[in-house]
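The same chain A turns up in both complexes below, where it pairs with chain B and then with chain C.
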Partner chain A sequence: MNKTLLGYVPEKSLIYAVHPFVKLFFLLVVSLFPMFVSAPDWNIILMLVIVLLMWVSRVNMSTLKIYIPVAISMGTIILISYTVLGGTHPEFELVAKVWGVNIYWERIRDAIIVYFRVLPMIFTMVFFLSTSRERDIIVSMRSVRIPFVVTYITAMALRAAGMVLEDFQIVRQAEQARGFDPVGKSIAYKIRQYVMYMVPLFALSLRRSEEFTNALVARGYAFTGEATKVKRADYILTHYSYKYFDYIFIFLVSVSFIALLVLRYGYGYFSVDQSWLIDLLRNALSVRGG
Partner chain B sequence: MSEVIKITDYSWKYINTKTPAVESINLTVEEGAFIGIIGPNGSGKTTLAYSMDGLIPGQYNGIKKGTVEVFGKEVEEYDRGELQKLVGVVFSDPEAQFTAMTVEDELVFGMENIGLSVPEIQERLDWVTELTDLKNLLEKPPYEISGGQKQRVALAAVLAMMPKILILDEPTSMLDPISRMRIFDVLAKLKKEKNSTIIVIEHSLENLIPLADRMVMMSDGELVLEDETQAFFQKTGFLFEKGAFPPGLIQFFYELNQRNLYNGDYPLTVAEASLKLNEMIKKGK
Partner chain C sequence: MTEEVRSELTAEEIWTVQEGEKRSVGVIHIVILALLIGIGFVVGAFGSISFPLGFGVNFFWTGIVVQQVGPIWFGGWGVLAGAIFPFFSNAIAGTPFYVSLAYIPANAIQAFLPAWFFRKFKLDPRLKSGRDYGFLLLAMIISSALGALYSVLVVLKGFGLLTADSTSLFIWGWFGGNVVAGIVFNFILLKVLSPVVIRTTAFVKRWWS
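The block that comes next holds the complex of A and B.
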């Protein structure tokens, strides 16, 4: 198994045959798809395609369960924001009145559209993080000639995030070893005590920064990446090369995006009026509201 | 043998401290020498090591007196990256010096920095992974391997840059005895095969003594004793006085000496001690 940013993927997964840039390209472009699609039907299909890709890539599908509470709470927040907190709109179609609050059909519809726009974006991100290692992100950035400084700062940020989490665990265990037990205490108490973690964590971060800087200087690092005024070789990139199917993927994703834009703005496809799911819901609610 | 490091009347005081971290240091290191530096915590060993790599004064604020010359040139006179080609430092906490996401990235990082070409990097990578037995770990994140492996990665990352002088600041302080031995095995190979100049700051002396040509004792920021390893440990009483504790077998022969039961050279290894004890038994002492 290879560790990825969000879990583990078997070493023999097909996803490793794909160049890291293709994965990043997929993330960046496919994440845009839902922004141009109003009909939730198509966004649900996109989600299914991404789940299928996860399955093909042998991502452990049981890890998806952890996102169910996130999806439910996010959906609830969006729905409440649009309906209960959506304000009064006499021009909208009233579906129900709950404890004096008017619930309009248009606001429910908009909430559903937004929800099914956000969800595929999250799925795309989960797919990317489940199939990529930190190195893939760096390699994909370097392969499109993003300056070394930018890629290196990204790498250091990823590394630093891991270190802070590790340090946090150490500080927390040290506090617990000295009898600190927040179980059963009020949230206010817990928040107050969390401040206690911050002081040693801050001190540790300062020390880490000093050690990290020393390590960089000791290994001849300069911010420009050219400490000795010579061109810097990128050895890691020599492990990666584009295969014919990488170009096919890039082509397919690009063509799909262009086709989406043409169909959306040229022919009016993917609009909410063409959504059978919205029609179905509208009919269901009209019956209840009627 | 030519001098590779020459420290003359050197003192360094960190800003906002009352006393110098090191004071009036005079030390010469010859090419190919293996030097062991010992001393209690806070005696100035790390400051001395950082001074030889240019981290001091480059990365720290303070007041410097005297000179620290590497290959005949003051450390401040080197361009950024040039001194690091000549002097490599391995720090005590390996994790704090990792800057990359995989062991392989970590090993090639320094080589890329000093401007090596891809074939050169590949050649050195093969050599260093063979030397430090890291071939199977190249794909792993450096923070997910064991403590001993981490320190070997840190050592390999510096070795790959092939510095003429290698400084190790308590490289085994976080390791178990077997991992310690593996680090010193690598150093022994380097000494034998590459004739590298190696300076090791270390508290655990059992592994250091058999390799060290010379030993240096630091105490309260001063270099209080410097000599060839055998002669150095003949002054065990002085070492005790300054807060250093030689390995048990040297202490044992020192005790015998104090009781007038032994008056020769103190053995530095278990094998030597065994021979000397045999001789003593035969003589009926």
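The block that comes next holds the complex of A and C.
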């Protein structure tokens, strides 16, 4: 199994046949798709495609459970902010009046559009994080000639995040060994406990910074001055080469994006008026058309 | 220099480069930058996942401690880290890529202002007087207010994710989530760790060294 930023993916996964840059390119371009699509139907289709890609890549779907509360709370808050906090608009069509609050059809529709616009962007990000290892990110950055110092800092930051998580576990176990038990306690208690985590976490990280620095200096690393002007052999990139299907993927993603823009702005596709899902909802809520 | 002498440092002396004192950018600053991004990544993601409001806005954003205390201690390196790490922590917490990217100026402002206040007004990071506390609180409030206004009115409205009527909820969510978490963590962390940090070679008196 390969440890990715969000979980584990089998070493034999098809996703590792693809060059890491292709995954980054997919994230950068496909994240833009929902911004040009108003009809939720198409965004749902995009989400299904991404889920299919995750399945093909043999991503462990159980790691995605952490996003269920995020998706639910975000959906609820979007709906509340659009409907309950949406203000008074006599020009809109009233669907219901709940405890003196006017609920308009246009607000419900907009909330759904926004929600299904954000979800595929999140799915794209989750797909990238759940299939990319730390090394993939570094390789994809270096393959587009991002300066060595930037990629090195990124690598160190990602590694540091892993170490902080380990330190967090150690500190938490130490606190528990001293009798701290957050189960059933108030939010205030948990926040107070979190303060007790923060101080040792910071202290440990400061100590680590000295160790890191000594290790780097001992190995002759320098990020400024003459040493940085010497062209470095990039060992890690020698392990990755573009295959013909990498170019096909890049071409397909690029063409899809161009086609999306042409259809959207040239022919008016992907608008709300063409959404069968919105029509279905409109009928279900018995709102008159037009 | 003995610890006894160092403990007598005044706030003015903490920020002043003494005659003969050599300060330069070193590997340790690059390491600090990476470590701050790493800590912020974890701590920020915790807040973003535990108390979400939506689109990376949280009721209680724990990442603010790294974003504001880091720059006070480590100057520009902390500001850079404070601007960059929310991009990673928001990504893990499920914020769209381009929305996270667009938040960078707001995060940079939030990281920069407290550090600027401490350097400009020669405040003591060990929080020795009411003036230090007062200015820190003021910096937290102003920076969070600017960050909230930019991120909601420019970013979220710009992406078409909010209506005009719902912006106030998100502005207050961002502002409150940052200020409350800042009040809980920033003062304690500065009080407890500043006496140690100002003695390290990593401590930044000016902006980069």
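We take it that the second predicted complex is superposed on the first by the 276 of 290 C-alpha atoms of A that agree within 3 Å, B and C clash if a C-alpha of one lies under 4 Å from a C-alpha of the other, contacts with A are read in each partner's own complex, and residues count from 1 in each chain.
One rule holds for everything that comes next: a contact is a pair of C-beta atoms (placed from the backbone, for glycine too) under 8 Å apart; a residue touches a chain by one contact, two chains touch by 3 or more.
Given the structure is predicted, the values throughout are model-derived calculations rather than measurements.
Within the superposed three-chain model, A:Arg142 lies out of touch with both chain B and chain C [touch as defined at top]. Between chain B and chain C, C contacts the larger number of chain A residues.
Of the two partner chains placed by superposition, only chain C is touched by A:Met74; chain B is not. Using the contact criterion defined above for the overlaid structures, shared-chain residue A:Tyr221 touches chain B and also reaches chain C. Judged by the touch definition given at the top, the superposed model places A:Leu158 against both chain B and chain C.
Touch criterion not met for A:Arg109: it reaches neither chain B nor chain C. Once the two complexes are laid over each other on the shared chain, residue contacts for A:Phe212 go to chain B and to chain C alike.
In the superposition on chain A, no contact is made by A:Lys23 with either chain B or chain C.
Contact with chain C, but none with chain B, is seen for A:Val199 once the two complexes are overlaid on the shared chain.
Across the two superposed structures, the residue set of chain A contacted by chain B and also by chain C is 156, 158-159, 162-163, 208, 212-213, 216-217, 221-222. If you check the complex, the residues on chain C that touch chain A are 25-28, 30-35, 37-39, 41-43, 49, 52-55, 60, 62, 65, 69, 85, 88, 91-99, 159-166, 168-170, 184-185, 188-189, 192-193, 196-197, 200, 202. Listed in rising order, the residues of chain A touching chain B in the complex are 2-3, 133-135, 138, 155-156, 158-159, 162-163, 166, 208, 211-222, 225-236, 238. Residue ranges of chain B in contact with chain A, taken from their complex: 50, 53-55, 58-59, 79-82, 84-85, 88-89, 91, 93, 96-102, 104-105, 108-118, 121-122, 125, 139, 141, 143-144, 157-158, 161. Considering their complex, residues 5-6, 27-28, 31-32, 35, 66-67, 69-71, 73-74, 77-78, 81-82, 85-87, 107, 110, 114, 117-118, 121-122, 124-126, 129, 149, 152-153, 156-165, 168, 191, 194-195, 198-199, 201-203, 205-206, 208-210, 212-213, 216-217, 221-224 of chain A touch chain C.
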